[in-house]
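By letter and in written order, the chains are A, B and C; residue numbering begins at 1 in each of them.
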Amino acid sequence: MPVAEPAILEKLQKREPSGFLLASVRGVGQVDLQPLIWTGLFILAALWSAGWRVGLFATLGTVVSTATAYALGVNRSNIALGLQGYCGCLTGIALVVFLGHHPATYVLAVVGAIMATLLTATLTTLLSPYGLTALTAPFCLVSGVMVIGAPSFERIWHGAPKQVNPTSGDTGMSWHDLWHGFFTNVSQIFLVEEWYVGLIMLVGLACAGVRVGLFAAGGSVVGIVAAWALGAPTAQIAAGIYGYNAVLVAIAIGAVFLTPTVWNGVYALVGAAATTGLTASLTSLFKPFGGHTFTWPFILTTWTLMAAVPLFSRLRRTG
Amino acid sequence: MPVAEPAILEKLQKREPSGFLLASVRGVGQVDLQPLIWTGLFILAALWSAGWRVGLFATLGTVVSTATAYALGVNRSNIALGLQGYCGCLTGIALVVFLGHHPATYVLAVVGAIMATLLTATLTTLLSPYGLTALTAPFCLVSGVMVIGAPSFERIWHGAPKQVNPTSGDTGMSWHDLWHGFFTNVSQIFLVEEWYVGLIMLVGLACAGVRVGLFAAGGSVVGIVAAWALGAPTAQIAAGIYGYNAVLVAIAIGAVFLTPTVWNGVYALVGAAATTGLTASLTSLFKPFGGHTFTWPFILTTWTLMAAVPLFSRLRRTG
Amino acid sequence: MPVAEPAILEKLQKREPSGFLLASVRGVGQVDLQPLIWTGLFILAALWSAGWRVGLFATLGTVVSTATAYALGVNRSNIALGLQGYCGCLTGIALVVFLGHHPATYVLAVVGAIMATLLTATLTTLLSPYGLTALTAPFCLVSGVMVIGAPSFERIWHGAPKQVNPTSGDTGMSWHDLWHGFFTNVSQIFLVEEWYVGLIMLVGLACAGVRVGLFAAGGSVVGIVAAWALGAPTAQIAAGIYGYNAVLVAIAIGAVFLTPTVWNGVYALVGAAATTGLTASLTSLFKPFGGHTFTWPFILTTWTLMAAVPLFSRLRRTG
């Protein structure tokens, strides 16, 4: 780790700009639940490599979210950990992807990033009695509201951008589909469908520790196997549509929230498989009103499984 | 205030009918979060001026809700504040507006007002760990369930009444649209689209204090500006469709739940702008199954912003 | 009661297979909130009498759910009461009814039963601050997710089975409709539309005590009367579509969660009537995305009414 956590916190408290920048870089990594600076840097590089628009909106969202939290007086050590930036990062990307690249989208990205910080505080209050965290739910709520509402407003809606993801197809699986899906499962967390972006991100995750890297890779494999076993269209599996939630669930439950035991590991991978099925249900659920699945399957699966843990004496939370 | 609060409570405890009536009048004012008797009287007069059906159903709903709470043994000081009547008031109006004026609607209004009192108790229990209140959610739930379910039942469904609100149009804004919208934003809280009804209500709100009056007016202005900036159809802005939630949010956060500081005031007006956008999203969300937006945008925005407050050291709750 | 509760718990702790089997039988009875072994046996017999598929999937689901709870280390006395089996029971039945009898459905029933146990733990954690229990919500969530998601997957979707329930018709009521509805209201809890199945189950419920039997019968009558008064199609009333939630609400509130007083009894029957109306609303709500109503009306009504109880001094919870 290039900069120790106390150092970032100290810089932030002294109002040094570098503290704010380092907290923002961490924010990018926190999308994958990793506070390591290197992980944030790799992921940020991957996002810019996916195109300057994605990189710019991700950066804009992260910085605005973090600055909003700073201005409103959120706990400094929480900001230093990057926990106030990751939802803005995803919100920025989602808005440019689903509303298109227009001047109004910049304004909405700023507003969305501010709202993401508000909702992070809301969910922190609502979930804390249960020992749960907000995960990426603030992003899903803000982006969902904006994308559903946008077509009602003339000044911000310029027609739907071209469909990013395939929606049907046959179920035969080639080697090419397989390794593509393995990497796009990681990049699709950020709404990007490029195998090399996923590869760079996976390197960043591996920097955060062997366990993080292994569970990220394991989640991706489980996501592919579960989607194939259920009979999902291959084009969607190869595009990472069915696996990005599995990657997040595997990291969150397998490498962050539970202690490293065999039972806990199996629990994380069962969750990764379950979230793959849930992805299809939520997509059908959201279709009638033009909603998007975003990372809801990850969020709902992780909340469900983590809230269940205290009743299962076989499993144990960290910390 | 013509009658002091302790006096109403005392009358209620002595089972004097006047105590019950005064509590009911207060209930009408509590739709706008104001316990002042004068505010309740002005709003009640405004509702009867909108038509005897609206006035009658509002009165019926408020009285039945308050009486139900009394019979079930709800805390007397809570009843005396009018907190058991406002959801029945809105439920009565919503049912006659959306189901039409038929004998069955009277029965449903009574049942709906009873249910509104039950749901007020339910939400009070569920929200109290978070320091939140039920707001108008019991009304939205009861009316939503009844309006969605009604078409399945032959004896209570007589076809949809004529559409009350315009649903499309251009986005140019005239002076006439502007001042109409300013007042209908206030009357539309009660599902009434008449500028003079809003005017009378605004006078009642001003009686409750300068701060209440200013935030009500400010919320209405912010609602119009935000809707115009987003590009909403002018006919809807002039009808108050996009602004009534902004008025409620501004009153609730600006004049009731937070202390009077500049940061808190800005927070309230940002919330008023946000709820305007949320109105479009919820309308799209409810469309597939015939639901209605009611005051959900106000409720969700206020819960979200109030639950977030404890994490922001810049902001402070009252009490 | 053929076997005392402590005996089952003791057998379970000693790892005797008979303890596990008795806990599973109890699980079947717990669908109707009854821990009595005889009630479980009667209901199990009724399910097998409805057809070997229904019987087999109900048994499979109950056993897998109970075994999952056992393996994950759930509190033994909770398992001994049958509280870990009832959601698996209903999930098994729902999957064979809505996905059809295929090899894949067996796999899904096992997965669904495991998930039902996880969700039971989740909801127990989330609801315990409010003194509420999970009821059949884990079943509704798991089955809902699977039924909504299934059509997206080629290997588990073989087309929708023939529609089980009538969806329209006139509102005249014959004696034949009336007594059919009375019994199918009880069997429809288990998604079975056969009067004799309901009759056997009612005998089982009567074994659990006079009060349980009376409230089950009373709930069924209230469900029929309320549906008729609202003007629901007779064919649906006769099929039990409008009354099974009323039976569950009447048992839960009238005979299990509240003390036996007149006010409490009226409260339970008002709830039974309300849940009948709610059934139509939720059916309309779920229609756009292919969801199913299952026992959601019962769950939502019971949670709502039980959470309201602490604020009503007229009513009192048991225990």
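Of note:
Just so we're on the same page, a contact is a pair of C-beta atoms (placed from the backbone, for glycine too) under 8 Å apart; a residue touches a chain by one contact, two chains touch by 3 or more.
Keep in mind the model is a prediction, meaning the values are calculated, not measured.
The chains other than chain A, kept where they are, remain one piece by touching.
Because chain A and chain B carry the same sequence, their contact can be compared by residue number, and under half of the numbers here are used by both. Averaged C-alpha coordinates give centres for chain A and chain B that are 37 Å from one another.
Among all residues of chain B, those that touch two or more other chains are 129, 288. Chain contact summary for the complex, chain B toward chain C: residues 71-75, 114-115, 118-119, 121-122, 124-126, 129, 144-146, 148-149, 151-157, 288-291.
Residues 129-130, 171, 229-233, 270, 274, 277-281, 283-285, 287-288, 303-305, 307-315 of chain B are the ones that touch chain A when the two sit in their complex.
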